[in-house]
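There are two complexes below, and they share chain A, which is joined by chain B in the first and by chain C in the second.
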Partner chain A sequence: MSRRTITRGRTRDGWLFISPAVAVLAVFLAFPVLMALWVSVSDWRGVGSPFAGDVSFVGLDNYRSILTGGTLAQRDFGTALRNNFYYVLLVVPLQTALALALAALVHAKALRGRGFFRTAFYFPSVTSAVAITVLWLFLFDTRGAVNEVLGWIGLAGPNWFQDPRGILHLGLSAVGVDGAPAAMSGGGFLGITWWDWAAGPSVAMFALILLAVFTTSGTFMLLFIAALNNIGEEIDEAGMIDGANAWQRFWHLTLPMLRPTLFTVLTLGLIGTWQVFDQIYTGTQGGPAKTTVTPAYLSYESAFADQQWGQGAAIAFILFAIIVVLTLVQRAALRSRP
Partner chain B sequence: MTIPSPRRALLPLGLTAALTLSACGGSGFEGGSESSGPSGEISVLIGSSGDAETQAVQDAVAAWSEESGVDAEVQVASDLPQQLSQGFAADNPPDVFYVSTDTLAGYANNGSLHAYGSELSNADAFFPSLVEAFTVDDEFYCAPKDFSTLGLVINDKLWQQAGLTEADIPTTWDELAQVAETLTEGDRVGLAFGPEYQRVGAFFPQAGGAMVSEDGTEATVDSQENLEALQFVQGMMQDGTAAYSSDLGAGWGGEAFGKELTAMTIEGNWIAGAMEADFPDVKYTVAELPEGPAGPGTLAFTNCWGIAEASGDKEDAVDLVEFLTTEERQLAFADAFGVIPSVESAADQYAEDRPEFAPFIAGADYAQNPPAQEGAADVIADFNAQLEGLKSGDPAAILASVQQSLQAVVEQGS
Partner chain C sequence: MSVRTASPRQHLLLYGLLAVLAVVYIAPFLIDIATSFKTEAEAAESPVSLVPQTFTTAAYERLFLRSDFPLWFANSAVVTLLVTLGRVLFDSMAGYALARIPFRGRAVVFALVVAVMAVPNVVLLIPKFLVINQLGMFNSYSGLVIPLLADAAGIFIMKNFFESIPVSVEEQARIDGAGTFRLFWSVVLPMARPAVVTIVILSFQGSWNELNHFVVASNDQDLFTLTKGVAQLASGALSQGTQYPIKLAAAAVMTIPVAVVFFVFQKRIMNASAGAVKE
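Showing the complex of A and B:
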């Protein structure tokens, strides 16, 4: 009897202690999310409170207008999804592989000045995204450093941030496929023809992909270093005794033991890349030819520039759904099998 | 004055925007009681082209404060549409602010704007075409602030070097193509302009085309006239005598012109300020845009002084706008940052004072307003995206796709 009372008191105290945190979360997280959810199913036009009497429920109209109907809004959303899809497809594997490689490098005992390299590799991650984006705009200018260097080896670099051509299309035209084959010119998904879906990231988007890999690899390198430090040396030594070479030890011993970290890195990468916004906002504003518009940026534009707050919120929730689904898929794929 | 150039050109503004956004949000909430209270001060939010414009507006507003005894404060927005949207959503907008034609319909239809045109004592003094640009559903919403038209800007030095004289200034499309060819040399092209409807679209009225029908009930993008115009532009680009400023590595036409990457550009009167500030050594001449097969044509851009419906002090706000649109103030603005007054009598005075800018003012007689229906801004953005690929693209396909989007917008509005 007395024990139960004590426990009950504890529960109550527990709630009491976390109540400030719960309150803060409710006010700054739960409430805004619910409010945005309401906006996405209402006809609020950005004036006064969304909960005012003259705002009415419109069901899924906002979702319908960006997902169906062949309208401009739908095409924009399709374009944004395509752009971001290629961005994720390239950034996530590249940044993960690079982060792992850098971590393995600076983890090696033989390397002198490890501290220096760790700092150097991590540096881009602590620099503000805006500053790095501006740096990138200069580097990839038509007459910028990158094209200068390409010039040394006889290559004429593209006009990076002004070039809307998709790199897959460029590759195809190099082998003589210039227009859409009949099977791909008709039909499509979300108002975008299959041929346009197959465009690949534009040259401008590709520069942003390099930017993302450059800035985020350092952060994930840190996670990998921490994980590598947790793997005892004896495991590596056991591998040596079994006669495994360095590559085999890495592939069959180290990498499987990094699986939890790998999952974290891939998940964080996936979430971060689907939400890319600041580089677009400061760097390209969606151009050239909308090839760097992403759903996050489109959501912002719809709401703030076009006063279509419902559509903007709807885009945000669709993006949220995409991220959740992909994370679940990835979790299932990486689950350690017995 | 908001320069209708590609948003990329506003990059530095974007940077400061990111840094000041939080600050602005914060002050917005704190200043709430002040700006919406009836006895509080009038807040003015402007999107400024530079220090000269900011200073001129500040001086004018301060002069009004002194005269009326009402406090007023001018704030410069780093990202005007966003800050306005935030203000409307928070029920705490500035009292007086710049509104561009392409955002007017959106703000008017969601009830953010106070339609005060009928309360203005000087409503008849403005150019009729400007009043029309700021009229939604037969209601004159806001007083035109100033306007700009597009002209052909010619580099004097390069012109002479190519052996051309004043008599060679092009007045027809054929002559334009010819001089552009003469002026093209090495990496330098004869004519460059921004990759957007706001420049390329000037060729439409010259060919007799338009984006929407006169009564605004039908999209007329996909017309033979517009096709002819686009094909002409495309032809010059394919010949290598014309290019987009972005392809030359410049942010807008004025930059390409100032850097002498091109000998001619199509820009508005705002180019004067930019040339003075960034390229004071480049001398230039302004001419009217050459006539197309259907006669002269250009585009007009304008902003107005919007007043928020949620403002607690509309009477004083209207009074301030009346003050800002007096002939005297308009001429002061024109002097300070090179815009053309929206009041006819002031514009005449301006033309007299600056004969070299006469072609811009002459354009007002036949200028076309870009479409301003609600949602049209999106269609124009999409058009611009497609125009970037004009050189190797299919003009007919571009027009057909824009026609479809614009028709949807026009139907929604009527």
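Showing the complex of A and C:
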């Protein structure tokens, strides 16, 4: 056998081995993205092939209609961005802090029942988003378990999944600010007034925020536990000899060493929270008053329910861009730190 | 917080805090199971109690005898089985090729796999539908299954594992005249058992819990999987009333298979998940 035949044989074997997986990835993931890119700049309405002769190129019209012009499509997109923005703003720090706290509590080898606690905290992460959302609808029902428990301590819980009021607006009205100040009712962004941007997540969205924190904190806890195990105990012991208390040791010694994991968790959190879909499809379908519509859900709804395929695809690509940009920003922030 | 050096009071505080947290994490599931055995009136009346006053299996009877639930369950089982088999085979073949066979075009393929991993799943909702529809696979089992048969993360896990096996193992078999496929099937794959088990677990969990692919791949009632069926149930498809016992029974039953796999492979899942995070 000459060297050339061997190379040729290996190339044949290599392609033979890799082609089933490559075919699936290329046909169902890579190619569809290109196809959707075309749909996002075309006037295809869901009938026939997007490549048929009667479908034409419309440039950036689909993007324009969701970004400009004061149309309903633009207001919906603005609302979806606002909703998801608050979701990210609350879920990412909460899930990260809770995951870190859980990991710090259960990583000690001497802790009795360590395995039990880890299992308890991680279990929600392995179950399906659909099952947990169904459970959440029951727990956060007006007369559900959460409101009953709140009642034990004298609090009247809200009508969680029916309440479209923003929690920041609720806070402001508690201190007597009920309407928009003049400066905030005029201008705005993406068809939403500044006052509405400042609404905060609705009560309904807040229930979904708690749902996300409940299901993801266990997953991220595992990442932190793995990192804590890698640090080892010598450093902690050195700190102890220097007379640092537990909190000082954690804050000044452990936390700086967890920075790489912290950034991984934040990045995964950002990517995940901008994609929230299952919980909304199952639970609220965007209601009440569109306060739980997210870009991912809006993209789905525009295309499949309203047959606005171009707009739906455009929303998906804008969402993609948001995720990519935020990830890059975060990477840069990580690199600039010492 | 080091347990060894804590004072008795700190000890008590730590365990107290952990106990409260554990209750918060576990109680929802206990409430789920308890409520599924209550009457609808009682579910509304006392949503927190863990012991049904009138114990009834009406919700389960309704679910299994007079709804499409068994069909959804069967569909989920078939899809999960096929996807898991496919991923074990295709991911490990691809991983082996990327790790061990120096073929022309490998760098391009590797770049494609990396690129595919970076695309967020939700962005693919419309694209996937377009292709499945275009290929005439909409509303068919092939549309539910084939697009999930390989995944980039699984290929990565297999590639990393194969790279950790010493080359000398294969050289001996090659000298004995084994071809690439025989080498892969009888020598390398049996050695990759830990990695294969990881792929089995991740694929099982992933495809059993998958929702958004099934949402766009079909709309035929006969092809509903558990996730899609129960999501529809949640939005009140079973006539009027809240029907909480039935919904929660459905949620409990669909959780059982993943719970069983989780408790059987607990250690491995906890470790694998520290590397590959499910969203």
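Some observations on this one:
As a working rule, the second predicted complex is superposed on the first by the 310 of 338 C-alpha atoms of A that agree within 3 Å, B and C clash if a C-alpha of one lies under 4 Å from a C-alpha of the other, contacts with A are read in each partner's own complex, and residues count from 1 in each chain.
In the analysis below, a residue touches a chain if its C-beta (ideal position, glycine included) is under 8 Å from a C-beta of that chain, and two chains touch if they have at least 3 such contacts.
Just so it is clear, the model here is predicted, and its values are computed rather than measured.
Residue contacts after overlaying the shared chain place A:137 against chain B and chain C alike.
By the touch criterion stated above, A:325 is placed in contact with neither chain B nor chain C. By the touch criterion stated above, A:111 is placed in contact with chain C alone, chain B being left untouched. Once chain A of one complex is fitted onto chain A of the other, the partner contacts of A:306 are limited to chain B, with no touch recorded for chain C. Once the two complexes are overlaid on the shared chain, A:238 sits clear of chain B and of chain C alike. In the superposed model, A:278 makes contact with both chain B and chain C.
After overlaying the two complexes on the shared chain, residue contacts for A:97 are found with neither chain B nor chain C. In the superposition on chain A, A:15 makes contact with chain C only, not with chain B. Within the superposed three-chain model, A:49 lies in touch with chain B and with chain C [touch as defined at top]. In the superposed three-chain model, the partner touching more residues of chain A is C, compared with the other of chain B and chain C. Put simply, chain A uses residues 49, 130, 134, 137, 141, 143, 278, 281-282, 285, 303-304, 309 to touch chain B in one complex and chain C in the other. Contact residues on chain A toward chain C in their complex (touch as defined above): 7, 10-18, 20-22, 24-33, 35-36, 39, 49-50, 102, 104-106, 108, 110-111, 113, 116-135, 137-139, 141, 143-145, 148-149, 214, 216, 218-220, 222-223, 225-226, 233, 236, 240, 246, 250, 268, 271-272, 274-275, 277-278, 281-283, 285, 296, 299-300, 303-304, 309, 312-313, 316-317, 319-320, 323. Chain contact summary for the complex, chain B toward chain A: residues 6-8, 11, 14-15, 18-19, 81-82, 85-86, 88-89, 91, 103, 106-107, 109-112, 195, 246-249, 310, 375, 377-379, 381-382, 385-386, 388-389, 405, 408-409. Interface residues of chain A facing chain B in the complex, by the touch rule stated above, are 45-49, 71-73, 75-76, 130, 134, 137, 141-143, 159, 161-162, 164, 278, 281-282, 284-285, 287-290, 303-307, 309.
Note for the complex: chain C touches chain A at residues 1-6, 14, 17-18, 21-22, 25-26, 28-29, 31-32, 35, 43-44, 46-48, 89-91, 93-94, 96-98, 101-106, 109, 112-113, 115-116, 119-132, 134-135, 146-147, 149-150, 152, 155, 180-181, 184, 205, 208-209, 211-212, 215-216, 226-227, 230-231, 233-235, 242, 244, 247-248, 250-252, 254-255, 258-259, 262, 266, 269-270, 273-274, 277-279.
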